[in-house]
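Working notes for the structure below.
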């Protein structure tokens, strides 16, 4: 087993756990953490799958991941603001109990 | 030295697993947070060893960052728990007693 | 031996992801998530990317963790943290989907790793083009010079997240509640040391970023961590209005970056061409300020900030 | 000149958004309009260049691919850029009534509006897979911020669901990008297409990216989030969401399949994508017919009309391509007009429940007219843009003996007639208590407000698209995707 394979398998497992949790979790906070964790798994794949150049890993995907990390936190921060407001207005932290009003 | 350094890294990683157990079992929020902090300090040690072993001095800067962030996280946690207590909501509710 | 280290860290990632996401209380999940972030940082360190280790620790674990904690605190203050039950059928379907996706990602990931050819064409072009820029850190080179449109738009994403969060809050909201500050003697002493240290570290990271790992994002995150610290210690408070200085700080990154790029276009250079190392520093400084200010405001859940007069 | 125009398309709204965030309230209006109004003018030199050369390229920062990011404008990109500019300006004019630039809420609205406009322009210009990811995220965040700007509970819930699914979609897209970069070593869409072949990995990457984008563009059966989001957003926001935001994701799907994978797209998948479209047309139309709220009906109509954009895949060819591209344009104009008219009706009548709207045409003659004219285009009656696109699409289906697709297109038209006729019949019906309605409320002044005129202009634009389609079609013909011969 090579180093790259170890990371890819770990990333795959983390991705699967994230998707599983996204589907079963009812609390939105948990679902957001799931999205974040899945994102980390994909970043790992992005860097590892690019393959090495002259022994070291390709520098370009690393820069992409750095961009991706900042985008991820922007999205999570906004989602958390939305979640807190949703809880404030409807008292609910889940999309499950809806009664989608057709008013 | 080439054998010793990675061996110590492995030992510290195993140490983390032990710490993880504490985060897992709790039972109080403070226990969890404290072991998470321990996690931070051990990680610093690992980073310093890796810096030496992989010959990438920049990891020392990363270790420095860890130290600073760990301190800030601990203060955040203290504020969080005390804030909860000040609002007369028992902090133990935070850990949900039992999974 | 090095494979053993990788295996341990990788296993740790999987276990922590499971701990953070499945079962247990939400609070434990958040703590586990922070630990997951720290372990990700170790993984990046093993993959030879100190830049990413720093960013993951500061942004991925530190700031995200703080945001999750404060959101958890606010939800609890609203009394809205009750869990809802799930049907067992759905759990089984989810388990299937999760397993399937893990197997799929593993398969395509392994195939991708196995099929590695001569290495990234773009990565080689990067290695060749870097020396001409005078920068020593390829990541900074990509972010500020070669693919700087990504970076510019990404700072705009951060701005959009702030404005959108403000839109969610609505007019009437002055600010969301923060945990009340406590007069603990130790906290005061710590803040007195840590706050200036955060600024110092941020400036160091910014300065180092052109040659060594570091750069505007890590520096901005450290500044944000300092701001969060001041807020939690009661030295800074959320305010309903955003002062002019703060507003300028919010957009400084986007404006300075686009400004330099457009001036170069007006001078007959390509759009977004970077004229020299001084411009790299200028842009990175502005970005650091914007990133720090935006993250602190997102944490505060308010439009602005005010300082407290000394008690 | 071209470089300046391209830069202006992205940076003018972007810098205007920054200015709106900084300057005092009374100065906001100046920056809003200086960020929006020049956009069509900037497109003129670009149109001329694309007409002449077929393709305009710009290496951003002076670094060509594979290292740097390239902007490429071809006919399709140009058409969608025009649509975006028109929607941003006209719907913007309309929105100035609901969100005056000088108000507290207005500042946030316009900052997001300008960011959204800039992001969509950047997306349409970009030929770089990762840069597209960044612009998609910017589009999503700005759009959802606009969606919740009124803070209605239903909108908040719809926004939360939209955000979760959009983030999930981005993850799948990014995973695809990771695989593509791993194989091709470049992020440039065109270069990567040349480097790759019909292997397992490229096809998997293509499928992953498409899945992510299908979620974002709410193609059946992944449309679940759309009706609630578009039906509960503020009027002008619904208009831009339906006319542009979901379209850019479909546009990207086209880019991936017809440009990136031009030589190695899996042939088995094309009818499958078409079936998704057919499902969307039938399901969306039936549900539109069953709605009790006018705005929800229009939202489900979007689900249905997006289906036509997917019919491009089974009908692949010059005719199908022109038809689908033209549909994108005409539906954008018509649907924006429709949402604006409905928003006016909702504002004046206080409700958009169909059973309470009887006789609304008296109070809102202009908006009823707009609704009817936009309906003509959605329906595909001559002379309208919708007619041109559906006629071309029928021809394309006929040419390949695609009876299934032919039937779906015809059925879609009939169903659209059913769901569009119903509200119009209600609006123009004389209520049982006609006197009460007539006496109590004289024709409202709001009905003649210039915001109503803006909506009417958009609807007329959709009609005009049916009168003079030749130049646009000729332009599209010049930029056919590789592998499609005229």
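By written order: A, B, C and D. Residues from 1 in each chain.
In this text, a contact is a pair of C-beta atoms (placed from the backbone, for glycine too) under 8 Å apart; a residue touches a chain by one contact, two chains touch by 3 or more.
Note that the structure is predicted; figures quoted are calculated from it, not measured.
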{"item": "Pair sharing more residue contacts (C-beta pairs) when C-D is set against A-D", "value": "C-D"}
{"item": "Distance between chain centroids, defined by C-alpha means - chain B, chain C (Å)", "value": "19"}
{"item": "Inter-centroid spacing, chain D versus chain C (mean Cα positions, whole Å)", "value": "32"}
{"item": "Where chain A and chain D are represented by their mean Cα positions, the distance between them in whole Å", "value": "27"}
{"item": "Per-residue overlap in chain D, given as positions that touch at least 2 other chains", "value": "67, 130, 134, 137, 141, 144-145, 148, 151, 156, 175, 178-179, 181-182, 185"}
{"item": "Junction residues of chain C - those touching two or more other chains", "value": "2, 26, 48, 51, 105, 112-113, 116-117, 119-120, 122-124, 126, 147, 150, 154, 157, 160-161, 164-165, 168, 170"}
{"item": "All touching chain pairs, where touch follows the definition stated at the start", "value": "A-C, A-D, B-C, C-D"}
{"item": "Contact set on chain B toward chain C in their complex", "value": "3, 6-7, 9-10, 13-14, 16-17, 20, 23-24, 26, 29, 32-33, 36, 39-40, 43, 46-47, 50, 54, 56, 58-59, 61-62, 64-66, 68-69, 71-73, 75-80, 82-84, 86-87, 89, 93-97, 99"}
{"item": "List of chain A residues in touch with chain D within their complex", "value": "22, 28, 31-32, 35, 38-39, 42, 45-46, 49-51, 60-61, 64, 67-68, 71, 74-75, 78-79, 82-83, 85-86, 89-90, 95, 98, 100-103"}
{"item": "Residues of chain C touching chain A in the complex", "value": "2-3, 6-7, 10-11, 13-14, 17-18, 20-22, 26, 29-30, 33, 36-37, 40, 43, 47-49, 51-52, 55-56, 59-60, 63-64, 67-68, 71-72, 74-75, 78-86, 90-91, 93-95, 97-106, 109-110, 112-113, 116-117, 119-120, 122-124, 126-127, 138-139, 142-143, 147, 150-151, 154, 157-158, 160-161, 164-165, 168-170, 176, 215, 217, 291, 295, 298-299, 301"}
{"item": "Chain C-touching residues of chain A, taken from the complex the two chains share", "value": "1-21, 23-27, 29-30, 32-34, 36-37, 40-41, 44-45, 47-54, 56-67, 69-78, 80-85, 87-88, 91-94, 96-97"}
{"item": "Chain C to chain B touching residues, read off their complex", "value": "1-2, 4-5, 8-9, 12, 15-16, 19, 23-28, 31-32, 34-35, 38-39, 41-42, 45-46, 48, 50-51, 53-54, 57-58, 61-62, 65-66, 69-70, 73, 76-77, 178-182, 184, 187, 190-191, 194, 197-198, 201, 204-205, 208, 212-214, 218, 222, 225-226, 228-229, 232-233"}
